[in-house]
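Think of it as A, B, C, D and E in the order they're written, each chain with its own count starting at 1.
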Amino acid sequence: MDLASLVGLVMCFILVIFGIVFDGGSIVVSNLTSFVDIPSAIITFGGAFCCILIMCGDFKDFINKFKTASKVMKIQQNEVIESIKTLIQFSNIARKEGLLALENQARDLDDPFLRKGLMLIVDGTEPELVSGIMDTELQATEARHKDAIGFWENIAAMGPAWGMIGTLIGLVNMLKALDDPNSIGPAMAVALITTLYGSLLANWIATPMASKLKSKSQEEIMAKEILVEGILSIQAGENPRVIEEKLKSFLSPAQRDEFGDER
Amino acid sequence: MDLASLVGLVMCFILVIFGIVFDGGSIVVSNLTSFVDIPSAIITFGGAFCCILIMCGDFKDFINKFKTASKVMKIQQNEVIESIKTLIQFSNIARKEGLLALENQARDLDDPFLRKGLMLIVDGTEPELVSGIMDTELQATEARHKDAIGFWENIAAMGPAWGMIGTLIGLVNMLKALDDPNSIGPAMAVALITTLYGSLLANWIATPMASKLKSKSQEEIMAKEILVEGILSIQAGENPRVIEEKLKSFLSPAQRDEFGDER
Amino acid sequence: MDLASLVGLVMCFILVIFGIVFDGGSIVVSNLTSFVDIPSAIITFGGAFCCILIMCGDFKDFINKFKTASKVMKIQQNEVIESIKTLIQFSNIARKEGLLALENQARDLDDPFLRKGLMLIVDGTEPELVSGIMDTELQATEARHKDAIGFWENIAAMGPAWGMIGTLIGLVNMLKALDDPNSIGPAMAVALITTLYGSLLANWIATPMASKLKSKSQEEIMAKEILVEGILSIQAGENPRVIEEKLKSFLSPAQRDEFGDER
Amino acid sequence: MDLASLVGLVMCFILVIFGIVFDGGSIVVSNLTSFVDIPSAIITFGGAFCCILIMCGDFKDFINKFKTASKVMKIQQNEVIESIKTLIQFSNIARKEGLLALENQARDLDDPFLRKGLMLIVDGTEPELVSGIMDTELQATEARHKDAIGFWENIAAMGPAWGMIGTLIGLVNMLKALDDPNSIGPAMAVALITTLYGSLLANWIATPMASKLKSKSQEEIMAKEILVEGILSIQAGENPRVIEEKLKSFLSPAQRDEFGDER
Amino acid sequence: MDLASLVGLVMCFILVIFGIVFDGGSIVVSNLTSFVDIPSAIITFGGAFCCILIMCGDFKDFINKFKTASKVMKIQQNEVIESIKTLIQFSNIARKEGLLALENQARDLDDPFLRKGLMLIVDGTEPELVSGIMDTELQATEARHKDAIGFWENIAAMGPAWGMIGTLIGLVNMLKALDDPNSIGPAMAVALITTLYGSLLANWIATPMASKLKSKSQEEIMAKEILVEGILSIQAGENPRVIEEKLKSFLSPAQRDEFGDER
């Protein structure tokens, strides 16, 4: 589990609770009851998610995209550095024993993208075709990532929109019945709660989710670009030293130090 | 009919009704009357659609673009997977019996894009020309899709704009005649209704429509890109195994599993 | 005259008048007087247009860009289909009688872009040069269109901005002299009128104008791209059948049907 | 001096003064005193410019960018048409007397960009290198222009932001001391003045400045592109007639008429 | 230390303090107490930073990105001009003594990018490979810069968002307990403080930081592009005079004067 994201999510929740119960210097736990309003939650979250459902147009798609949230929580490893090491190792094997010697290595790989690439060069596919197939897959992956990011960005837009719709409904109801001046305050408080819910949905959940998926996607795409570069270099029979130099260009100075240390 | 989109649309409507009638813990159906205001509807929806009419400048165009809504509701099939299977089948035929053998197959096809492409290679058109013609058609299709998406995005922008214009008119009328303090509440309620209508037009209808058309367009364009890729590979006489590998690069891991299962 | 745009413009005006005079179930024509405020108009429209004048920096340029509005109102014809037919006809002539035979045809053409292109190939200019000259002209045309669109988009941004400036001035004046509570309402009504004027300038006039110019520009650019494609194909001596196929790729399915019908 | 920009700037100022003193049908000059508030000006303009200073990080840079304002005021001439004429004249000289004959002409030129280009071809530099050097210079110029435009866009964003910060400070101060109801009005008026100042800074000065610099930059870049195109054509020894045709493609129909007239 | 940025930061702080204590013509230092509200600070800054933490998903990453702020404060030198001089010097050495003579020079260099490039050409790497490796490194650097800029832009978006959430919570609490009219003012003042905090976080700190990092990044990327261009020219054995001309194209007129003066 990705600890920092979880800590951030939980801390935001605690901060909101704190902001609610801390009232004029003392803790007033009963304040919490003013902030739990089921009908407001129904209209804000219901409206936002039903609109997302219209956009998806497919229950399975809707649920699958929600599941991308779990991806955000996965711990991230030093995959990039591992990939480069694997590629250099393979380039050494290919140099000494020929491309065919990679077949057994490739079969044991977990990563389907790397496995596919290696199988293509073992099969003697032409370099342009290998490059074309890998690029198409890269672009299709990127398009799927963008889709998932767009899903959360849509939630981030729909939350405040339906929060405002809820507030407008509450205000109209309140203004139509302005008989009792004492009821204005509480009625307006209820009307504002949908706006608060919508803001929280957008800024606590959806925007951070979209933002994190975006950076995870960038990392995954870069890792795949390194694999494509490496596979094509192995196929071209380039010198392992040169391949290492080439692939290390993708790394940040910090990662390069780590790369050197681990060797 | 695309069920999830319909469910989303209807559910949003029910949620709004629920938000209106659920007032302070009890159901007050009479609230609904405050939310139906014909003049407000006329100025908000009328203003928004008349502006869209200015932008279209052609009644036929205006109506045609509205009809794109129906496209959103069409059930989506596994067209991509079917297309790949058809292309592989055709590449086998072309390999065994020559390109001319595809002529009869092509004539029976429903998809005009695929039919046109196959007829071009059956006629012995040069590869660059085939690729140029197909790409032009792809781009022209994409431009038409963008046009339709822009239509709904314009509605999503014009709805709230005219809602605000309506509210401003209502407020000025109300403020000019501030004699009776008791009339302020109901007058402001009426003024706010145009804002609510504009918000609903944008967030309940237009934005989800634009968003869904966008994702439908992406799918259609990708399906056409697969067809172009496949047709050019068939013309080049590539190995059906290689063509399959190439076209499968467009698929997501889930679609690839499905592809394998169905075979 | 482009009827739909005109109808849209006029209908919006009628809707605004209707929104103003329809007050609480009855028609109150005297309401109109509250909405005509010369000083408010001066500050909103004056401010917006003076800012646009700063941006233009040239009175002639300022007036020319206003005149682009007239372009929006011009009736649109099936130019694209006509162009394709002309090009096919020319390609037949060129095939049978040689490129030089096009010289007389070209001289009679109204469209300076097509005429220039034909004269270039009649003069025996090298294909790359023809393509370079036509592309430069296309891009320069597109840049000029963008300029005109930007002009209306700037108005759409400046209208509400100066509306708000007017409202702020009105509010400060009002708040400084809060002696008479009865004057608050009417004073605030006047303050809000600049915001209303700014909104109308943006959403009734400028945004639809920019949006329509954008779609007109796209059509004109596509029409010119077809001409470039056609002229280069004629110069290359391609088969008229192939040229027709190529140029028809630009058309929508509906236009293609029309193209077939008219032949 | 660029008259229209100056007229626009001054007219906006007059309109704002008019909006302030014209109050309920009569001219109330004393209103002006409510709109001059030194502390409000200090926080709005001070805050905005200090933030811009943080972004620049260099006093010289900060002052230089302010000076770009003077560029906006320079009168614009028909440089493009002049450039084309000069280039055609040079191409005639080069054709008749050889490239070396351009050396004396080049030395007398005011425009360093054109001079540099001509010196490069006189020195016999390879065409790709000439094109590379000129393109780099073009891009570096464009980047510097973008920088200056960004400077004014940042002011346009920071003005309203610090206006709002000032208003929030004023509101909090006012709300904390709500003893005397009569003081609310004037206190709020003062609080709103920072918002007005911020709006004026953005919409009267910064946005028009950014917008005008943008269009001046586009013109300058196009003029330089024409020079690059012309210089490369002269080096390639192209026919002056063809060069004229090529360079005229950059012109608008109006400029082309002018070009013809002046000859 | 970068003086102007520091002066800007401190001046903004002083201006805010001034805006707070200057109240109706006199200095009221006690006003400051109304603007220090620990719970408001906790919810605004806490919420914003916890959301950023969710986006980062890694404590180390979170802290590293904060440290990019220190980069903003570093004094900027005339690195670009120095780089060009070094490159010209190296091109002279390479011309006279051969590429291998650069090995010793390269070892003493502080800049790892230039050192790597020189070592590659000393090692006799093929030009395309050198260019590929340097470009990859350039793009990876640019991606890392964008990441850091995005970090501050996210803070600039999250600050006001959580400020508004805090204000909504405060308003709901206040409206629920509207018994004592005298408490409305101070309660609303407290509610507004979170909005003020959010605005300050965005407009005083995060936006200027992002903007400055962006311009620093552009400079660094341009400096690296000059190095790549220079290294490839040295490898190609170009004339030092031509290299100087080429690299000077990147400079602004002012920098060019400086370049000439220093020589």
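Keep in mind that, in the parts below, contacts are C-beta pairs under 8 Å (C-beta built on N, C-alpha and C of every residue); 3 or more make two chains touch, one makes a residue touch a chain.
Given the structure is predicted, the values throughout are model-derived calculations rather than measurements.
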| item | value |
| --- | --- |
| Same-residue or different-residue interface between chain D and chain E, half as cut-off | different |
| Approximate Å spacing (C-alpha centroids) for the pair chain B, chain C | 25 |
| Centroid spacing, where centroids are CA-atom means, of chain C and chain E in whole angstrom | 40 |
| Overlap residues in chain D, where contacts from two or more other chains coincide | none |
| Arrangement of touching chains [line / ring / star / complete / other] | ring |
| Contact set on chain A toward chain B in their complex | 39, 42-43, 46-47, 50-59, 61-62, 112, 120, 125, 129, 132-134, 136-137, 140, 143-144, 147, 154, 157-158, 161-162, 164-166, 168-178, 187, 190 |
| Sites on chain E touched by chain D in the complex | 2-5, 7-9, 11-12, 15-16, 18-20, 22-24, 31, 34-35, 72, 76, 182, 184-186, 188-189, 192-193, 195-196, 199-200, 202-204, 207-209, 211-212, 215, 218, 222, 229, 242, 245-246, 249-253 |
